[in-house]
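What follows is subunit A paired twice: with subunit B in the first complex and subunit C in the second.
And then the complex of A and B:
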């Protein structure tokens, strides 16, 4: 155990480890806040679709030689989120088909653009880091840390300020519309927040693993708790603790950061499922 | 009626206590599993100490940490210029016809083995390849001073090393 502590003390001397933990906690917090709403609204897969859009946009930003890709990736992802969530029931291409179409389409086009226009000498590494977040969280610049922190605070503020409205729209959109809540506006707000979280989370777990960060903490909390508030609080706690554990395990054991966090989330889900089973039995 | 109510309330309190206990036990189990993962994830030889006279020792870091530190060295080189670096990895040599010279790299990989990065180095005694250099693709360790040079309008970074240790 002292070896672990010594190693942690050594690694904490590196600023990028401290940055990774700060940003990791903030991203985990934001994604888990949103996760409960997405799971309850049956939009779990939208995170995956939007992350692929973000990957495609990142590829275009790299091809355009943009030093800060977020200024391009964020608006594109927000626009896609708004289009997907506001398409509604009358759209010609419905829900899951639209998500699947955009998801694979942008992934393929993104990879194509990276191959054709990227000037990087390590294309495979760039693609791997963007898709699986192997080390992205450990290679953040100070500007990116501040940007992530600002966006995270924005997401948390939106969730806290509009908690009751989000709660109403999550459970019954038609009823909340009938009671005077502007459901369409809140859906739009949710779309923007989802896009921001996706762009943030790409740094932590990579484009392909974002869905795990959004759904696992929410599903774990739902195994034990049965009301919205308790599930949200538990989901946030679970997500933050597991993200910190994942980052620490990956820097100590030398495993890829993104997949280590997701593996911890999966283990946590099974632990919570077992807990829920025991609680129901007693 | 009130007796029945009291009994029900007591039962509810008992259930809530039990629920809390089970959750606490579950959290403790997760913490134990996490601690076990941290301990068993550690390399068996324990924590290595930084080599003497070295500012940045990449050989004592895990794969993930090495990749991140090398990335920082190449993205913020001014923070490392003049510092003594110890690096380990696979030796790679390549010939570039335009400059008519060989370039030597120690290649470090990240945990996913997809994001390899090469740290260029040169022997400080002026040895010309192959003299003094190991066989291509052999595992090596080098200690050198981080510096830069200009070529074709670009700035490149490299280590000036005194000795190459083949592992």
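And then the complex of A and C:
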């Protein structure tokens, strides 16, 4: 045990490990805040669709030799989120099909562009890093840490300020607009915030695994708690604790950060399901 | 001046007309029942009255300074709500949201309004219970309490008795009648012609793409449309 602690103390002397932990916690917090709403609105898949858009955009940014890809990836992802969420129920191509289409389309085109334009000698490694986030969380620069922190604060502020409105719009959109709440505006706001979270989370777990960060904490919390406030608080707590745990395990065991966090989330989900089952039986 | 007046409304979606030539007025304190077959455009009409849809032509005039934020609405339940983790109190309070403006939290007054409405509908003891675990009748009461929080002048109900057992349905109608007698204008969509003619003051009967009848209950029962529909429904005209 002392071995493990010594190892951790050693690792935490390096700033990049500390950065990884800070950004990891912030991302886990933001994604779980929105997760509850996304799951309840039946939008779980949108997270995954948008992350593929972000992957495609990253590929384009790499091809254009942008030093800071976020300035390109973020607007593109926000735009896609707005299109997907606002098309909603009235679109000619229904929600899930539209998401699936955009999702695989951008993935394929992204990989194609990376192959055609990348000057990197380690293409497979680059692609793997973007998809699974293998090392990117450990290579964050100071600027990126500040950017992540600023965006997270923004997401949390929006959520706190509009908490009741988000609840109302999630529970019953028609009622909200009928009684004078601007449901469309709040949907738009949600879309923007979701896009920001996705782009942030790409650093931590990579494009393919983002949905897990969004969905698992919310679903775990919903197994046990039965009102919106408790579910939201529990899901945030669960997400942050599991992210920290995942990062620590990956540092000690040398496993990839993203998939380790997701594995902890999955284990947590089963633990919560069991707890919920026992509570209902007693 | 009527609270709500519709002039020659045409409703439809994707270029298809569902119903046209709708003209009717609702005065303060009226109890209007909208009846008609499935697909006749009742729900579309209600959504248009609520500004959720725009009419293809014609206009809706509101009188007496009726604002969007003074309307209560009780929609039919959606699939999303069936497994939504929310307490009854959270659901009912969300009806007060249109009083908040940009303020992020509920004021004391708004919380009290929610408590009063739960009390009024006899669900105060369920306040902490999870919405999805309630019986159909209790869920409808929670939605009605939420609508009441938003309704300061007028309340619109879309088949409030749908899916309820006869006892719960009768309770629901009695509650709405009580609200109406206390001064709230009621507009209700209903399949239940017997209950409609029992409680309503006015009837709007839509069918065959147009308004078959609009007028007071007494006139409706004498009219051809009323008699045909009441008999077809198997109910005796009250």
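In this section, the second predicted complex is superposed on the first by the 282 of 282 C-alpha atoms of A that agree within 3 Å, B and C clash if a C-alpha of one lies under 4 Å from a C-alpha of the other, contacts with A are read in each partner's own complex, and residues count from 1 in each chain.
Just so we're on the same page, a residue touches a chain if its C-beta (ideal position, glycine included) is under 8 Å from a C-beta of that chain, and two chains touch if they have at least 3 such contacts.
Keep in mind that what you see is a predicted model, and the values were worked out from it rather than measured.
For the composite obtained by overlaying on subunit A, subunit B and subunit C can both be accommodated side by side without a clash. Seen from the Cα centre of subunit A, subunit B and subunit C lie 170° apart once the structures are superposed, a value rounded to the nearest 10. After overlaying the two complexes on the shared chain, residue contacts for A:201 are found with neither subunit B nor subunit C. When the shared chain is aligned, subunit B comes close enough to touch A:7, but subunit C does not.
Once the two structures are overlaid, the count of subunit A residues touched is higher for B than for its counterpart among subunit B and subunit C.
In the superposition on chain A, contact is made by A:254 with subunit B only, not with subunit C. Of the two partner chains placed by superposition, A:209 touches none, neither subunit B nor subunit C.
Of the two partner chains placed by superposition, A:145 touches none, neither subunit B nor subunit C. Annotation: superposed on chain A, subunit B and subunit C show a minimal Cα-Cα gap of 11 Å. The intersection of subunit A residues touching subunit B with those touching subunit C, taken from the two complexes, is empty. Interface residues of subunit A facing subunit C in the complex, by the touch rule stated above, are 40-42, 160-165, 167-168, 170-172, 174-181, 222, 225-231. Taken together, the subunit C residues at the contact with subunit A in this complex read 47, 50-52, 67-69, 71-75, 78, 80-81, 84-87, 90-91, 93-95, 97-98, 100, 104-106, 128, 130, 132-133, 146-147, 150, 156. Of all the residues in subunit B, the ones that touch subunit A in their complex are 15, 18-19, 22-23, 26, 29-30, 33-35, 37-39, 41-42, 46-47, 60-65, 67-69, 71-72, 75, 110-112, 114-117. Of all the residues in subunit A, the ones that touch subunit B in their complex are 1, 3-4, 6-7, 10-11, 14, 16-17, 122, 124-125, 128-129, 132, 134-135, 138-139, 141, 224, 241, 245, 248-257, 259, 264, 267-268, 271-272, 274-275, 278-279, 282.
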